[in-house]
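Per-chain residue numbering starts at 1, and chain names A, B, C and D are given in the order in which the chains are listed.
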Amino acid sequence: MKIVRNWIILIAVLTGIAAALFISGKQHKVFIDNKKVGEYAAIDVSYSINGEKAKNIKVNKKAMVYVKGPKHKLIIEFKDDTGKDVILENEFKLTPTEDATIYLPLLINGEEDWIKPNN
Amino acid sequence: MNNIKTMLKNAGWPRIIITLFLLSMYVVSPFIGINLKSALGDTLVRFGMNAILVLSLVPMIQSGTGLNFGMPLGVEAGLLGAVISIEMGLGGFMGFAGAIIISIPFAVLFGWLYGHILNKVKGGEMMIATYIGFSSVAIMCIMWLVLPFKSQDMIWAYGGEGLRTTISVESHWHKILDKVLHMPNDMLPLGEMVFFAILAFGMWIFFRSRTGYAMKAVGTNDKFAKATGINIDKIRVKSVVMSTVLAAVGIIVYQQSFGFVQLYLAPFYMAFPAIAAILIGGASVNKVTIVNVVVGTFLFQGILTMTPSVVNNIIQTDMSETIRIIVSNGMILYALTRKEGAGSGK
Amino acid sequence: MENKIKKFLINNVVPIFMVIIILLSIPISGLSIEYLIQEIILRLSRNLFLVLSLLIPIIAGMGLNFGIVLGAMAGQIALIFITDWNVVGLQGFFLAVIITLPIAALMGYVGGIVLNRAKGREMITSMILGFFINGVYQLLVLYGMGKVIPIKNEAILLSRGHGIRNAIDLKNIRRALDDGITFNIGQYSIPVLTILAIVLLCLFIVWFRKTKLGQDMRAIGQDIEVSKSSGIAVDRTRILAIVISTILAGIGQLIFLQNIGTMNTYNSHEQIGMFAIAALLIGGATVSKASIPNALSGVVLFHTMFVLAPRAGKELIGSAQIGEYFRVFISYGIIALVLILHQWRREKEKEAERKRILEMNSNQAGGN
Amino acid sequence: MDKVLLKIEGLSKSFGENVVLKDINLEVKPGEIIGLVGENGAGKSTLMKAIFGMPVISETGGYGGKIIFNGEETNFKSPFDALAVGIGMVHQEFSLIPGFKANENIVLNRESTANSFLEGFFGERIRRIDSKNIEERADNAISQLGIEIDPNTVINEMPVAHKQFTEIAREIEREKTKLLVLDEPTAVLTEEEAKVLLETMRRLSEKGISIIFITHRLDEIMDVCDTVVVLRDGLLINAVNTKDTNVNQITEWMIGRKMGESEEKTETLDDNKEIILSIKNFWVDMPGEMVKGLNLNIKKGEILGLGGMAGQGKIGIANGVMGLYDASGKVIFKGETIKLNDPNEPLEKGIFFVSEDRKGVGLLLESSIEENIAYPAMQIQGKFFKKRFGGLFNLADEEAMKENAQDYIKKLEIRCMSEKQKVQELSGGNQQKVCLAKAFTMDPEVLFVSEPTRGIDVGAKKLVLDTLKEYNLTKGTTIIITSSEIEELRSICDRIAIINEGKVAGILPPTADILEFGKMMVGVSKEGNNE
């Protein structure tokens, strides 16, 4: 009986680990959209996800990156109206099954809903 | 009632399932737009192609040497005969007969060696036979590359080394057995059937000779055979040689019907469908009759030809290869795991 | 003394033969030693786990378990799933391990039951079982996946909408384990995690042989009837041996494939049993006796030959193809040879034993 | 000493209609050594199987009566139940793992183990073997036997005696073992080794372990046992203190006097007859029936009986001469030396053998009667063949086979539906007749017949023996009959050789006193001349 109980525990633990692995290892597609949204115009931006090397994205372009796991850090760098360099650090979370799009113009202008799931 | 029960028990459920399955396919086929006549014709053509290869298993089973998983060895001898015959430029029936005649000394030699090895490993024949067959295929692959063949029909037109992987016998002896009988009939492979009947009759005669009786005794009870003064090892070698020679002849008949000589890796798994066929026909690891050969080949080839067309028509997917794998290996597995067949090739 | 040397030579004829072939072909091939060493490290980490998975059934007297392809298929099914789910990196690898476990255990259980019905001819049966399950696997993967079993990732599905493609790019977990931690010795890079996994398995085997279960397996391997009469649950123990072997083979296949980086859905597993067995036998193992050093040296010898043969063939006869076929021949030929030697030796030993007893008795009688 | 360890009350057992044990009553006291003797088939082994709970017993309907062990009535389903309460048994065939060390064998499946955290998942079998403890236990067990064996020797490399001791050590290593059954333990030992074993048995009995000792060597019984129990034909004839009896008396009990059953043959052949077959310094490696340096002359035209206890080698002689088991020595047939180990040689010279193993060696069970009868003649003499297809093929002459078979079916009264019937469907007696027909078809000069009446009913027995006698009279064929039943041999043989320990213990005329036979069989009278 003890053995059965232990196996149940073991299976539960393994299932838990599997779930954790699934969540933390799941690869997501994240689009970075630099097109005009509503009244917000787009500008050239340099971005970096999870500390990777920064990349530039021009106006009206869309980039795609693969990220692994649920929690991510996004750093963007751009020149504001005044020509001053601005660095914005943001975090975002993804549920295990979703892919997402980041709308840079929204982010730059401080809107809340700068990231939307794709599906 | 009891009779039917024992009959069913003797036949074994896989055989019954396969027979019913095949029957049901023949019944169903007209309703889903398959031409029953041509389907049956297909089955018969393939029967003619394969029957001798299946027949070649009989001597070894009879002598208790087990299922001949080393059949590729005989097949290679047949291939040698075929390519040498083409190289010599023999055509028509002469080419076919030449191929057989040339292949026989090779087959006898191979079989003799193979038989002696199998005598050293009584009880473990099947596994070792399998790997002897595999190794012979690999070594012959090297031979096809190295042997100095010149015939334009067989070497690569440009580039490449050695012989082609498939050699057409169109201009040599394609369907020669039918042509000889002046019956180039697509429906009924009469030539092959007559040839098979001759060989099967030869086999029947053989098992009524002194050596044939001795072979049966060795297979059914080796202690009895020993006490009767039979030289068991010698008889076993004889049976292996016979099987190997028949396999060589079998592959040549197969090729003349198929139209191509397939070299290199083609003979690798030749043994498995033949073995599956004879088992479906009701043979066991150490017991077989010619009826088993005929019934088994027909059922097995029937399944192979009918399932793809029927399944294709129903679910639009070609599953023939998968079904072939499952049926043939499932059948062999069933035979190996049966308690009463526990003689392990003894 | 002379007798001892002779015995050693006879017992190790296969490895000695291989060493000679390799020593001869190194200069012919023109490959550098450095290249060879790097290649051997690569192949050790790729194959050793699989080869080690063969050991436990040998202890239990079930011979060479050609049924490890069952485990390999379990591993591949797991890989299809994680590729479909897009779980990447080490997480992907370990998730695949967890998924493999139950599938491989189930397959091993089935295999064990089948082999219990075929005592005395386990090897041929396990080989045919492998072919048979391969058919079932095809049915499942080629026709079931995408239809009965939901698969979303179009990159791995055939264009007809169901069935898995012939080749799957495993970029999600390519070298995940190998490159997890690496360590450089001189110019050679060592895949630490993979080696660690292999070392752990070796430790497991060493420990396992010393458990009660391991002892029972050894007993069964030597004499089934005696074991039965002393109350050991023979059939159950044999099933366990196959289950363990199959699970290990499943993990071994994962290690193998993450290293290769692509998976031939319908072929990758087919040759696994044969190559692993050939490697083990080349290391000097027999059907009834195999050790970790056999596995290790076998992988080194076999794969050195594997690397060398085509090159040597090319340099020697101007045909890489010949070398290629030669190594196929060696793989099959070695298995055939070892099986023959084993069976033959067993007969000889039985004979010698009988002679000994007879002589002993006649001596006694003479003494009276 | 009035405590009783094992008590058997009114035990009876039958296999089908065949009663093997009738109303056996027996008591074994703690520390007592009981010698169990009896002829083959007297019921010794069945009695032991019943005590030890062998599945054969319960599968064939169990036994009648009671077996009470240690005050409790038992009904073991399997030997494991018997082991659990403290009955150990050492069988004739060793039950040891060949590649294991002595100590590993002594504790086989009872190994000492150490805890493991994995136990919670995989049960007790995942525990680690405690080899140190095992060695101690093995040492301890061996020391109780009063002998010296290195517990680290692998069984394979041990002499037979040590294997025997290892087995005994294993049985007494069980804490509970109170009763030890030793089945012919001295059969494979030399005299010296046997003495050590007897000494060991005494030591064990002093420790309070009771022993049931089965042997056919009566002097050993006299030497070591407290009580001797004699079985005959399933009946317990007597159970007495060894002190109160002697070898002659025991032999008499064992053999019994069966009067008036058979007409005793009176005329004896004159001694000057020509010797047709001479066997010299003959060794046969037949497991369980070893022949060890035997000398024997067989005279032309006689019926020679070979008797003796099972396992003494009488069966091995014919098998050795016929080349079925490895043999060495010299066999001279009509002045010619016969090549040994080649079954074809004696067959071609005109010697034939009807095997004791009817189903295994004698017959092709799945073939027809006619084929079975014709087989040897076809293979050895090329009989029953006929040219066919214009002389092209030499094929079996089924007509001739059929006629021959029908002939013998009539002559030997083989009860069958037709000559085409498979022999496996026939009864034992009729199968035996087929074997004889096979032999007669060969028309041999010398015929070996082993255990011709084993397992067949009374009517068939008589017919088989009469047939052999008649064949000998009409054709003058020399016949050598091997049988466990002395009475049977006495009824038809001209001379009877008793085989003991692989040698001829002596040759007696059929008219000799039955006691003489008995003594030779149990190896008491050593004066028997080795011819």
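Please note the rule applied: a contact is a pair of C-beta atoms (placed from the backbone, for glycine too) under 8 Å apart; a residue touches a chain by one contact, two chains touch by 3 or more.
Just so we're clear, the structure is a prediction, and the values are computed from it rather than from any experiment.
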Of all chains shown, smallest offset between own Cα centre and global Cα centre goes to C
Centroid spacing, where centroids are CA-atom means, of subunit A and subunit B in whole angstrom: 62
Interchain centroid distance [CA atoms averaged], subunit B/subunit D, Å: 47
If you average the CA atoms of subunit A and of subunit D, how far apart do the two points sit, in angstrom? 85
Multi-chain contacts in subunit D, i.e. residues touching at least two other chains, fall at 122
Mind pulling the residue numbers of subunit A that touch at least two other chains? none
All pairs of touching chains, please: list them by chain label. A-C, A-D, B-C, B-D, C-D
Residues of subunit D that touch subunit B when the two form their complex: 322-324, 343-344, 347-348, 353, 355, 357, 360-367, 375-376, 378-380, 382, 385, 393-396
Within their complex, subunit C touches subunit B through residues 114, 117-118, 120-121, 123-125, 127-129, 131-132, 134-136, 138-139, 142-143, 317, 319, 321-322, 325-326, 328-329, 331-333, 335-336, 339-340, 342-344, 347
The answer for subunit C against subunit D in the complex is residues 207, 210-216, 218-219, 222-223, 226-227, 229-232, 354, 357-358, 360-362, 364-365, 367-368
Within the complex, which stretch of subunit D touches subunit C? 79-80, 83, 95-100, 104, 108-109, 111, 113, 116, 122, 124-129, 131, 159-160, 190-191, 283, 285, 290, 292-293, 326, 502
Within their complex, state which residues of subunit A touch subunit C. 14, 17-18, 21-22, 24-28, 68
